[in-house]
């Protein structure tokens, strides 16, 4: 059964709503429209408009309302319509969502899932293609998860909703329509991936690409292309930025002694900096070369016709691999 | 006399200023019925030249909306949020402004931008996709189209406030300018809307906020957006004047908006105008409006199309005949032809422009990154050329 | 009949629901004069036991404010934002709630928290500095004190909404609860305030918003904060009921707030109450209020001290005599003694607690960091011990 | 003349207001009160309430209003009362302030200075001690500056206000009352430090401490203490996080071959990660050890009585230096 990422996310929401009466979906246009990306398609029809609530257009209000609902024991799943439109809710994210458990000495946890379609590559006009993961990842108290495959979008979203902590769930919108043979109905609870574990998507011996979300397919493509240059690249999909899976990442880097981090957010103080810094701290003497980064430039996200120059490409990744100081 | 004035309370030496100012809410509240002129005796008093001009502009505006939508079908525009059905709002928003005034449009307001003199192809740059904005904001006194909803409202307040400060400091070169901010019904729910109106009220800034209430925020109907009697009633909470107008009645729109603008210009404070209108097309070309509204509803509004209402009135008043309609239609076709011509050459934006306007002067980081991209493009060009040569040789 | 109803427009098949709901604003608007009971005939009808209880609680509340302020002078509290002068608001906010209700206090509302049953030392934890919050929100149904202004208002809406959803799903265990959110006059300017009221209006959530308008946001007077006729007028913009009350009249506060709470409880929607009051002390012990307000103004308000007003009334009504005053004063001293005792032992928070409640289960990153800190502290303790030994030996 | 950082900042504002009629100060309590930290003390009295404007309590509205003022040619200087209270303005910061010049193809720059008292160490209750620099530094289009000395607070603030680009000016509140012999009146225009240049505060040969803002004095103290352990530590004060002074930093690191980055913000995806990553990329073969980080833990800022455990201390810095893999 061919399933798109949108369909897998939709199935995860549906199955979560079925499994737990406390799960509630809310956001802009999530009801009759089924969301601008159709991720909530059919949920209002099946579960009623209260459990899949079209809210007023006010992101701080949406998230603040979700905080109150979570305080009462519900499990709200909030949809932010686009990455940049979550910014109005950042005070709620930083000052309450991330901190409530800590502020109350563990007495009040907030099991909220914040779904954020993020990243570019879809020809979106300005403010529709931001990669905002670093803002969340730098904020203690949040889990930050981003699936890169259809199966993971189902499994990780179910885990996110089941989590007793707030999870920022970043959906790479340019993979929304990617489809594979996958049937959510066949996923058993045991198969649902836990939050916090990276996944080696491709073993390799020459160097290790560390990536996540929208950049995974680009890295896999680069790894395939690299064969012809004589490089056997490993590719690690982080899946969870917080918590970070040091073990899987360091094992994969130590095995090759070389690493390139790839993401499309601006490089400066991005998550890639953290990955490069911590890998270097932990694997320094295994490294034959510095950990390099291939990222978006330090510019506002470009207009559609120029975005291809900004996004990490196979070429840019291979150039970075070439710069990993290979002995001839 | 303030509500705090409590001369009976012993020891209270008049109302502490800390609780002022308190004012009579009555003049701030909108009438329960939206202002209408078409079909009322007031229509007879309305300047006839202006009526004809409004008709002409509405027809051209409608043609603009149609042409832009066609461009999306041809793939020459990436996306277009049409204002079809809202032309009376868009056109009058531009007409009531003087040269020194500023317009703060929202993403749906390309038509208002064009009506203020920006070339269609430049107004549509954002939707075309080669740059974020295609016109010089200072040339036209129009801020870039704002996609983050309602965020531009406080910019309007700041600019209007700044102009008054400048005017006070230097009355010689004083411009009595008004800033007009366009917001949607959905946009009124954002905190930014509230903060902008509050600042405007406190500063007494010469700003007019025009809310085009077209009944929906994408799929969300007004009933899920607000429980207010009308959106115009929100004004009283900021001590500013609220007015309600039929947004499909071009004459009413023009008179309410010009009164609001001149109210603000004369220093009597900001105004919030709610125009009740309807978006006849889908949210954008990518939207499927049948998911959230009925054909019957759309039909009911089509019957209240601002063009139809105005044309019917003008004909009845003897201000328009078949020849006039035909002439205007020809002018509209000329506009459409001109727009198509403007779109003839596909844009070819320079990748180097990615780095040039991030800062006034690029940082060393950006210079490095620009050089990297330029080198890559040179290498690609070289590789392409080499490939071409190989092919030539092979032939 | 809605303002959109325009049966004269040809072809319009009734008002499209997309523009509804439209309602009569009149019942939503507050009276221009704040509700007062003290000094009016209504005072005679007021439950006498409740009057005495209010007096007792106000006196204890005042003593709480004084004692907490004293603790800052002694360095036993890091900071205290006193609600001196606002006790009638604080006390009634707690009294009108039932057990199942929730309170959403702002940073100044420790007294309301204490009045709902939290031990003073626990309510003051934030200000003492050994933890962020000292009480279990579920035990008392009180959210932690919110320092980011107005952000807790939407939490109140969400919780009240959730309770109604739960009640609808499971009427057996249904709790008809009301959430009461406390906001300051300054806090009403934040976008969060607007968004919360709008959500409450749209959802019809059982929430009461109490704005304690004490005339200032730190140094900024209301006139620089809002140009509204009254803050209660903001309610109409959300389709909710607005009420204005004299916040220093404990009887008026109690009756307006209980009516508001029962209005919300009965499903008739949210209420916004503006209580006009005054902060007699500085913003906090660290603030110098003489920079922004006159002694005359403070004196004028001191004459309207809620305690003075109530005591004068009770004495005049024969409900209180010198003996009663003295007995209440003794109870207040007992409270002060108890508070001091609660503060006797300086807290000694465990550094390991820094890591335990960031997540339900610490991440491996936090486990590493906790181990690092623990090792450092062990090493320090070891070094200290060694140093002590050295000293011992040297002696 | 003994001058505190607060006094130096106040002088910079006053001199800027005097020098340019377009400069306007606005924020909460900046008028009669002179700001909660008294940085704007006396400005309303000297320049009038319009040029030092007490605004309503709404940070997005304040910054949005400043954007409009800047559009009209003014140079607004905005005060955010505390770090965490700037969060409500983040949509304005990210979507407009940082992007306006780029959005308009260079036609509309926004010369706004956003002053943010930041960081801990002052016994503040929750939400009063956040170190928010990474959020700004990751956002292309902003300059991010943070003085660590009295003289720099004067000079850099003047440069920030004179800049044609938006500058986030982070004031380390725990240094507000630090005082040195310094007279703003004697600073000539030529002496005003430009934005973007780091400063070597102490030369050294063993290892290099890279730091900024509130952590500079701690690093200097650590360097002094390190003498007794036989280490001669260099200390670099970044002063500007964006633009970043790669030249000064790399020169200083190459000279010693060892580096420790110190800041009090949470470490994960903090600015320290960027510094460590880029220093490693650029100086890999000069490094004898991985670049280490001493930062705040990945936790919400602690309550006052526990903050000493969270803040980078001399001990923690020396421990990191000890871990720089010294050959005996």
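Before moving on, here are some points about what is shown:
Residue numbering begins at 1 within each chain, and the chains themselves are lettered A, B, C and D in the order written.
We adopt the following convention: a residue touches a chain if its C-beta (ideal position, glycine included) is under 8 Å from a C-beta of that chain, and two chains touch if they have at least 3 such contacts.
Just so it is clear, the model here is predicted, and its values are computed rather than measured.
Between the chain pairs A-C and A-B, more C-beta pairs are in contact across A-C. At the far end from chain A, in terms of centres built from Cα atoms, lies C. Centroid to centroid, with C-alpha atoms defining each point, chain A and chain C lie 38 Å apart. Remark: chain A and chain B have CA centroids separated by 35 Å (rounded to whole angstrom). The centroid of the Cα atoms in chain A and the matching centroid in chain D are 30 Å apart. Among the residues of chain A, those in touch with two or more other chains are 55-56, 58, 60-61, 84, 87-88, 91, 95, 99, 102-103, 126-127, 140-141, 242, 244, 268, 297-300. The multi-chain contact residues of chain B, meaning those touching 2 or more other chains, are 131-132, 148, 189-192, 194-195, 198, 202, 224-226, 353, 358, 363, 365.
Touching chain D in their complex are the following residues of chain A: 60, 84, 87-88, 90-91, 94-95, 98-99, 102-103, 126-127, 130, 134-135, 137-141, 242, 244, 265-266, 268-274, 276-278, 280-281, 284, 289-293, 297-300. Residues of chain C touching chain B in their complex: 3-4, 8-14, 16-25, 28-29, 32-34, 39, 189-195, 198, 201-202, 204, 213, 215-216, 221-230, 233-240, 244, 276, 278, 293, 296-297, 299-301, 303-304. Residues of chain C that touch chain D in their complex: 78-79, 126-127, 129-132, 147-149, 186-187, 189-192, 217-220, 224-226, 291-292, 347, 349, 351, 353-355, 358, 363, 365-366, 369, 373, 376-377, 380. Residues 28-29, 31-34, 36, 54-58, 60-61, 84-85, 87-88, 123, 125-128, 268, 297-300, 302-306, 309-310, 315-316, 319 of chain D are the ones touching chain C in the complex.
Residues 131-133, 136-138, 143-144, 148, 151, 153-163, 165-166, 168-169, 179, 191-192, 194-196, 198-199, 202, 353, 356-360, 363-365 of chain B touch chain D in their complex.
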